[in-house]
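What follows is a pair of complexes built around subunit A, which joins subunit B in one and subunit C in the other.
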Partner chain A sequence: MSELYIAKEKFPDAVRRLMDGSRVYGPVLEGQYHSFAQLKEPEDADLSFQNTRLSPKGLFNPQAERMFRFSLAKGDPEAGIVKEVPKDYSPRIILGIRPCDAVAFQLDDKNFDTETIQDPWWVKRRETTTMVGLACNSPCGTCFCTSVGTGPFDPAGLDVLLTDVGAGYVARGITEKGKKLLSGMVGGSEVSPRAAAKAAELKKAAEGSLGKVFDTGALAKKSMLELFNASFWDEIQFSCINCGTCTFLCPTCWCFDIQDETCQESGERLRLWDSCMFPLFTLHGSGHNPRAQKLQRVRQRFMHKLKYYPEKYKGGVACVGCGRCVKACPVNIDIRRVARTMSAGCSCPA
Partner chain B sequence: MNNPYLPYPVRIDSVVTETEDRNLKTFKLVFLNPEDEAKFKYLPGQFAELSIAGLGEIPIGIATSPTEKGFIKFTVNKTGKVTTHLHNMQAGDVMGVRGPLGNWYPWEMLEGKNVVIIGGGFAFTTLRSSIIYMLDPANRSRFGDIDVVYGARGPGLLLYKDELAAWEQRKDIAMHITVDGTNDPNWKYNVGFVPAVTKQKAPSSDNAYAIVCGPPIMIKFTLPVLTELGFPPERIITSLEMRMKCGIGICGRCNLGTEYVCKDGPVFTLKQLSALPNEY
Partner chain C sequence: MRAYTEKIREAAKRLFAEKRVDAVIGFRKGTVPFMNEPFLAKDVDQVDQLYWDSNCGVNLANYLPKRTDRVAIVAKGCDSRNIVVQLLENQIKREQLVILGAPCRGMIDRRRIAAELKGKEALQTNEAGGKILVAGRDFETALDREAFLQENCAICIHRNPVIYDELVGDLVPEQENVDRYADVRQVEAMSPEERRQYFDTLIAPCIRCYACRNACPACYCPTCFVDEAAPQWVGKTTDPTDTRTFHFLRAYHLAGRCTDCGACERACPVAIKVRQFTKKLEKDVKELYGYEVGLSLDQRPPLDTYQPGDPEPFIK
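Let's look at the complex of A and B:
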């Protein structure tokens, strides 16, 4: 089934049915903010949310992931041998993810799932997850998804796209996985011409509310070294306090550290989010640090998203325009302004 | 699915202290499972993550050549937590190795060419691998003349001293061993910094490639000498070091612009490096 309508009063039952065979995650209000969490009851999901404060990246790349375990017990023949740990790869549905955040996972796929190397945890979670996205009827002032190749109704990263048309949702199956999910959905009915027209109208209005805030085409034409050596980085980095909030919130910041933790006679190897904002990220054992200066670290973050990534993978920028970094930066560094500076014609040093 | 983060278990077969300052030890490792050794197919220039449960992993160049069977060797400088712990491990202890990782010296391109190897200090490990590889009877005819300039601060800081002496006796490799200085009256070889000795020995750049590994200061002063000898940037090859974690181009820390040193390197030509941000 490729399209159906579900009235809001029937939606909890539909979600409950989904929860029978899958772990369902949705935006849950905790304190002041929403975040993606596994639903205990269908009503836990609050689809009236704007977006989650943290991106949903932790669903695929958890902030702390147990990679391996090992024994350190004296006399244990297996001591010192690092072993895999069991993981839950049962089917999962992410309900209400925003289209931009879903596209972020596709951008991250280029890093985690390559021709030569596959990150096994990332790949298995991607395979066993169905994305039921929720279109953005009213994007925030900090959103700029349409400037970076996605949009408030972009189905590209989704299996199903839901549009809130007031009294119910129009659900459109995008992939085979999504269509299969819709055919098993309870409480759905045919989409009325009125609901379809409303969905189309909302899409147009949402897209129309977002202007083009910078030109990725102009960025693509600039040479990597010209941008790297540009003088404007000094001004851009000036107020940065290297807090790492931007990388923590960003759906396309995937960098991680690997650390061992031990307790008495056993231990675990962990993968933990890391950040290019921190000097330790690149500090050599010898004491040398290729990115010892704040300017180098700030430049790395923007260059990676806006220049290195597109150049390496011959595609768009590694940014989906969710605006989280813009909203949360304590010193008001704005990636839209940085991108405009980078793409401006007169930015090259003399 | 093969898990690229999972190290192969290995047993330390022997530990050799290489230098008089006891800061460099060579670890000979044997795979616990023979099928893992078969999977660990490498070429000189590649590296691996040495993994010690409870402490972590370190990226180290492979010092053996694939022509040496049954074991792999790593020469490790005592620097941080993992290397210090490793230096205190003994023959018989179990640890892990993950790899091989990264690219290798461009052996197909080097076929039929003269090869000039220039090394300094403890950056001689993958150069040892390369020399053993080229001198193997099955490979020697694939390469032209081999010149080696290898220097350390003093005689006691040279790695692989027995092998250096053996190579000195051979006709199919020209060795130019040097030390920065020594008061040993019996020192038979050169005295002088690597760039100066390179200039003095002046290996021909005709049909030749240079592989240069060493401390930044040595590389800085050797490059102009090579340029003067007529080596163009695309025929000067080097290998970079960087802080690494995953070793497979995923964790994000070791990049020079678009290139990950762990996956797209560590071997680069000078020409390639000149097109990248110089953040190393």
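Let's look at the complex of A and C:
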């Protein structure tokens, strides 16, 4: 089934049915902010949310992942041999993920799932997850998805796209996985022409509210070295306090660190989110740090997203315009302003 | 407070013209409501970007350590106290600074506003006559400014700068009869188990981004203990042990040094009330040593000196 309508009063039952065979994650309000958490009851999901504070990337790339375990016990023949820590690959559904966040995973795939290297955990989690996205009827003032090649109704990263048309949802199956999910959904009915028209109208209005806040095309034409050496980084970097807020909240920042933690006769190998904002990120064993200065780190973050990634992967910028960094930066560094500065004329030091 | 903007620009232009400073540290207007960006004006052409309103809660003293040039800095009461701390700790020299004192009536807490708006998004904001005017897609509302101050500002008793070269506005009346420690007393009254639970719940959302540490003008160690790699003192996970270690050590490092400027709490992306740690230390230092941080250049902080009369109730 490729499209159906579910009235809101029937939606909890439909979700409950999904929960029978899958772990279902949804936007749950905890304190002031929403986050993607496993639902215990369908009602836990608050689909009236704007977006979650943290992106859902932790569901695929946890902040701290136990990769392996090992023994250090004297006399243990297996001492020092790393063994994979079992992970839960049972089917799961992410309900209510925003289109931009789903596109972010496609950008990350270019790092974690390539022809030559596949990150097994990333790949398996991607395979066993179905994304039931929720279109953004009212994008935030900090959203700029349409400036970076996606949009509030972009189905590209989703299996199913839900549109809230008031009294119910129009659910559109995008992939085979999504269509299969819809065919097993209870309480659905045919989409009335009125609901279909409403969904189309909402899409147009949402996209129209966003506009283009910077030009990635102009950025692509800039010389990498010219940007790298530009004098404007000094102004951009001033206010940065080099915390990890932007990178940790970002759906496309994937950088990590691998560490062994040991306790007495056993240990674990952990994969941990890391941030290019931290000086330790690039500190060499020799003591040399190629990015010892704040300016170098700030430049790295924006250059990686807006210049290095597009040049390396030929697929647009590594930003989906979710606006989390804009909203949460403690000192109001705004990637939209930075991108405009980068794509406008840049004066290089002599 | 918007009148300050003109005064700040005037002062900056004059200081550049008189060649008294190489740069001016202030704010420029933010790109989102309830935020302004710390800004370094390097020449007179940039002066007109300087800006001031009730969303200048970031503590600008954070941008002083390690500077080698002569700078003017706009300083609220708390910023000025942190400058005193930095002077006492030899992080900057007084002769490098021109302090533009900004008497303060408290800064707006954008989270309180967000909570009040219950999911509606503020897109425009303005201030007039003690009201905060907020407008969004389908609404407009006027909020009482006093009710939406940062928590530290609501209980602030040093709104006027304690050290300055000139003022950008008239001194404001200081708040009196303020109960600064009602929340600390509540925690003190808890059993150890309740208290542990209280702090564990408090820091549960922590993502270890270190925004609280990095926003703090008293956190300037060349290498923070959490960034030490050989040996590594603390794990980088969000496991409660690691998170606790970070928060406890961060707080203790600020004992007798924290001015309760609220920069940490304001910076936290997940709204953790990190001042709950430092306020207890502030209360203890005040009660044990009668010391308020950052008020005077003439007195060494109690924790970096020894007096024969120092309390020692911990020696039994």
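Assume the second predicted complex is superposed on the first by the 345 of 350 C-alpha atoms of A that agree within 3 Å, B and C clash if a C-alpha of one lies under 4 Å from a C-alpha of the other, contacts with A are read in each partner's own complex, and residues count from 1 in each chain.
The definition used in the following text is that a residue touches a chain if its C-beta (ideal position, glycine included) is under 8 Å from a C-beta of that chain, and two chains touch if they have at least 3 such contacts.
Please read these numbers as outputs of a predicted model, since none were measured by experiment.
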Superposed partners subunit B and subunit C on subunit A - clash or fit: fit
One more residue to check, A:Ile333. First (subunit B), second (subunit C), both or neither? second
Could you look at A:Asp257 and tell me whether it touches subunit B, subunit C, both or neither (first, second, both, neither)? both
For A:Val123 in the superposed arrangement: first (subunit B), second (subunit C), both or neither? first
Touching A:Phe232 in the superposition: subunit B (first), subunit C (second), both, neither? neither
Which partner does A:Ile241 contact after superposing on A: first (subunit B), second (subunit C), both, neither? second
In the overlay, answer first, second, both or neither for which of subunit B and subunit C A:Leu270 touches. second
What angle, in steps of 10 degrees, lies at subunit A between subunit B and subunit C when each chain is taken as its C-alpha centre? 90
Mind working out whether A:Glu311 is in touch with subunit B, subunit C, both or neither, as first, second, both or neither? first
In the superposed model, how near does subunit B get to subunit C, counting Cα atoms only, in Å? 6
Shared subunit A footprint, subunit B vs subunit C, residue numbers 257, 259, 274, 283
Residues of subunit A defined as touching subunit B within the complex: 67-68, 70, 72, 79-82, 84, 111-112, 114, 117-120, 123-124, 224-225, 228, 254-260, 262, 267, 269, 274, 276, 281-286, 290-291, 296, 300, 303-304, 307-308, 311-312
For the complex, give me every residue of subunit C touching subunit A. 30-33, 35-40, 58, 62-63, 111, 114-115, 119, 121, 123, 137, 205, 207-211, 213-215, 223, 227, 229, 232, 235-239, 266-271
Under the stated contact criterion, what part of subunit A meets subunit C in this complex? 30-33, 48-50, 53-54, 63-64, 138, 140-142, 235, 238-239, 241-245, 248-249, 257, 259, 261, 270, 272, 274-275, 278-280, 283, 326-328, 330-334, 336-337
In their shared complex, at which residues does subunit B touch subunit A? 1-7, 9, 32, 51-58, 79-80, 83, 93-96, 241-243, 245-246, 248-255, 257-258, 263, 275-277, 279-280
